[in-house]
């Protein structure tokens, strides 16, 4: 299985040994260690949606230590959160779980059509907190995309100098897109490509629908008969769009939904050659015992222990 | 009682010993020393509202030394003010009261819907003035929130490097919020969460009302039956929203009002598990003898010496 | 033949030896080595148009390594791409083909009249990836042209300090121009001049039509009887407009079109004294064997081996 | 008593409020708080003499936490130590005792006539560890004195900028001095003057003997009939030599000796107007209970509670 | 067993989470993971003694990859080497073994009495190579010790800022010491103390003999009856001299010797409370299979699996 990790690392041949080491740490930790698959726990909803919407359904989650412990106990590959949440536990849990510091955040007191997050952490913060990677969100389609891309460019250069990995959340948003368009297969594939071109080591996108948003793209998808009917086909296309599978692409679970539905999605991610999931609300918004069972099922799907 | 201070310091385990020392200084000074409770005197109204509105009712307050002496004589935990006021007395009163330098300020010659304060001091200023902490105001909801969050990010990184503590005034404001919304429980809890995620050691918010501003939040508060009927319940919710009580949260007294009303609020803060008050206008806008009696009553409520 | 390279280098006499070395590397690589002619493979369409539109017709192109190998096997002078694509292969292919790192990129999720690309790479990136040059796109005519010119100025200064060459894509665009105007001979010649004045070592423009866009220019073209009837004449005028041929000017192939048409254009470029072509979609959007044959024909035209 | 602290602070009128605050913290902590007298626990012998010579007689002292606790429990004004010893406990004991980081250290594996310590800490270290002051040793008389003075100059400038106090250990040493000369009254007074002129806020010297080392000085002491017969007289002269008593001068206890002798010295320091003692080996090289009784006796002498 | 790691981390409470994470990585890797014991493979002899003296007896060792693989296969906690050796394999072996970059090195083309190594790497190198720690050698006793201590001070401050751990090789040397004195128990204990005071997280010393070098120390060892007869007693004393066992102290194997002798030493290290061994020549100067058996025996002694 370790061979799979070596294979993945070979795709990042321009990166220094430090960055490769930290990518390896992501891939060699937790229940999926060595499989080349990842399940990451992200908890940035406190900032993104507010505390009650995030934690009221399972109040243990108000406590930042809860999420460290959940990620460790469930055997996740990593735990990702903004500065405050990581500062609150990084010392106690030092060395127990790879950490990803999210360097920008966005609140929903505003409801802009063209969102623009704030930079809320630094590469130095990531080093002092012992993180393996920095995380950064871009909103392709937002009228502010240039600002985000350029912030990411500077942060990624700095992070790579320091031997850290770069994880990019690439979420199409903005007034030029229809609501459906945000998860359209052409747009999601495009968002994955942009993140890859910007130098991301790990790309996180939403699971795409079969909708085609852009006319110019629609023409190509139809003429080239790109298969996008099933979710697995669409995952496969997104992975292909991420340097023909030579970048790690993981998919977000999105809002809380039926477990069977999420497991179905995990199977599609697996079958389409996706690298795993980043699952926040579906895991920390339920009691811990249930969350662990839920996460283990998903991990089982990825590892092949479960169907 | 010192055990309570040690317990509070344990929440800041990622901070260096210098920052812990300065948080300890806040918690070990004045009449409430060692109780884990704080009453802080802030005098930034001269900048925020102009001199006459701030000091005419008790003209002694025009003199910056007045406020140092008031904070000392009343046994406050700290005195917070902008650059000019601190420069005017920091040498005379060196070592007599922990100081917090407010690093941004906003005047009301303009009356914008979306306020944006100026950065009016630096971390170096705080060091040369002997402060234990820097203070910074953010207005979540303002269209300028990104600029404020990013200023705070840089300042907090610098302050923590130098062993200072970071106190964040988090006041929801902006054209997206109704007037009522600025103190709505969902919005205030969100503002506290944002400050905590941005790395604040001490968070200052306004006392919340039972109003629910955001539709998405309202749904959760109602379905999860989060108790917000009494002020104590709301305080408890804000404290919970600040990393489950693992960050110091204090509440502002707001505009001048009836003493009995303020004492009632202090009891609610105490009963809800709040860490204390930051009381400006209600203290310095009355004769000093009355102010001291007034502040001692509030301290008595927190220390348990009074009901 | 080497004399031609020496002659070209003599035009860049203010540049340091490092930059001259890198221009020489461009001119002494591949099938056209020493001829003073260039055929460059650019692959920035993944970012500019999205992955499916770029690579679905020849899916090998999803893989970043494909393009390195194509450029090498076809004997191109250089391969140009954005950060992600170069990072994905620069180490494996180190020293096998001169690389140009495109430092700004633009996606088409938006469709602005006045485009403004993002800066997505740095001169440091170009150095660590072993590039001979940086590439930068300007859109003369865009309302954002100042921002682009100033970014280019800073980047070019930095690149020249480090001994890199500067390749400028100069594409007239913007609400002030008609669609026809973007390729009008007066406008294209003007765009070439601007790039040259901004310090470009290599200028890339689109092949111009005989349309004249600007009234003031039209008057001159007509009164001075500047010959612009044939494509070769127009190429000659653009080359003249680029410091009387003392800057390397190459022409883009544009969207995919009939091969005979492209060969016709190459002959015009040759006859007009152009320095070569930069050919993306016409080469990588067809099977590799066909692409090589296609590129070799063009190179044959330039080298004189073919008519 | 606080008036005495205010009086002392008035001597440092050119210092910024931060430095004054930290001097005040030294003077307002412990059993002697407010008296203007200090007893400081220094533990740098581990570095200076080696661990066994320092700690074998009371093995608890091998543990760095022992000394923090001893200084706290005995009510010392401050605890001074090199980097390693402070790093080992500064977080646990944050805010419980003013700390002085010794910024240079010297080992006795060599036995040079002209010693030169190493710089082993920085002002940044002092800030991150929450110190009130930096400590620095100079050896007036050493052939390396320029190097030490110039290191001190730079460190003191930096420390004062950051609001820290500067404590200088001024120990005459070097091949130009006889063994007796190291504690000769003329030489010790001179060493105190040098430290004061170099900008020290607190000066630490050894108790002087009546020996006169330098011929030129001897002449003056005799012609001016400077009283130096009793230890109290000599202390008075050293204090006078430190800007007429306008700098804090404290005296070292030296090697372990009879308690009655040390108490006698404390009385002489008190009677001569000295500001207190810095007592290392005599306190930490005996069982803690005895050490506390011993230190309380000395503090009693200074506070006036004991004869 | 993990509790032991947590206990050890608690001693480094002033360090940031990053440094704690990297110390944890050392302690949680290899066959001794979680035991609190370490066996580290160091290969700096190529620089220190020349290639033939280092590698001729087992020529595989001329190849830098050999040592990475040996450390991995044998289950060492870490591999330590100078820049060149690490650069030669850090990318291939990324993430497979914690690395320590030795930042200074000394060759034996000279044979000074008072050695002074060169600084041959940087903290930035350590980050880009993915190291968990930097290593630095000091020679207490050398007339150049100040220069080394001050280099270490600057490097350690930088490393700690970046979240790296600091490993100090503390080897008494210099014209002031007899040959016997270099491993005398008083001198080795002193060297360990100096490293600890300079802020080392991990201290490496040679196994001490019962010889007492310094007269002043001899007196104390005899009067205090410090037990130093057996090697285990001496190890215990060195551990005590390293902040009463609150710093990780490991012992070097020294020149190649009889296996039974080395195992005997390992038992003494274990019985004396030492934290493990750093074993170079005894492991890489023999065939790999033998080396692994040899190292496993030592690890077995530490883990308790062997007597």
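Order of writing sets the chain letters: A, B, C, D and E. Residues in each chain are counted from 1.
Quick note on the criterion: a contact is a pair of C-beta atoms (placed from the backbone, for glycine too) under 8 Å apart; a residue touches a chain by one contact, two chains touch by 3 or more.
Only a predicted model underlies this, so the values are computations on that prediction, with no experimental measurement involved.
Student: When B-E is set beside A-E, which has more C-beta pairs in contact?
Tutor: It is A-E, judged by the count of C-beta pairs in contact.
Student: Go ahead and note the Å separation of the Cα centroids belonging to subunit C and subunit E.
Tutor: The computed centroid separation for subunit C versus subunit E comes out at 56 Å.
Student: Express in whole angstrom the distance between the two chain centres, defined as the mean CA positions of subunit A and subunit E.
Tutor: So the centre of subunit A lies 40 Å away from the centre of subunit E.
Student: CA centre of subunit C versus CA centre of subunit D: separation in Å?
Tutor: Computed value for the inter-centroid distance: 72 Å.
Student: Based only on mean CA positions, could you tell me how far subunit B sits from subunit C in angstrom?
Tutor: Each chain reduced to its C-alpha mean, subunit B and subunit C end up 58 Å apart.
Student: At which residue positions does subunit D touch at least two other chains?
Tutor: 90-91, 124, 128-129
Student: Got a list of which chains touch which?
Tutor: Every pair of chains in contact is listed here: A-B, A-C, A-E, B-D, B-E, D-E.
Student: Flag every residue of subunit D that touches subunit B in the complex, lowest number first.
Tutor: Those residues of subunit D that touch subunit B are 5, 9, 13, 16-25, 27-28, 90-91, 94-96, 124, 127-131, 161-163.
Student: Help me check something: in the complex, which residues belonging to subunit A touch subunit C?
Tutor: Checking each residue of subunit A against subunit C gives 11-15, 140-141, 143, 145-146, 149-150, 153, 157, 172, 174, 176-177, 186-187, 189-190, 192-194, 196-200, 214, 216-217, 220-221, 224, 226, 237, 240-241, 243-244, 246-247.
Student: Of all residues in subunit B, which touch subunit E in the complex?
Tutor: Spelled out, the residues of subunit B in touch with subunit E are 14, 16-17.
Student: For the complex, which residues does subunit D have touching subunit E?
Tutor: 46-47, 49-53, 56-57, 59, 62-66, 82-92, 105, 107-111, 116-122, 124-125, 128-129
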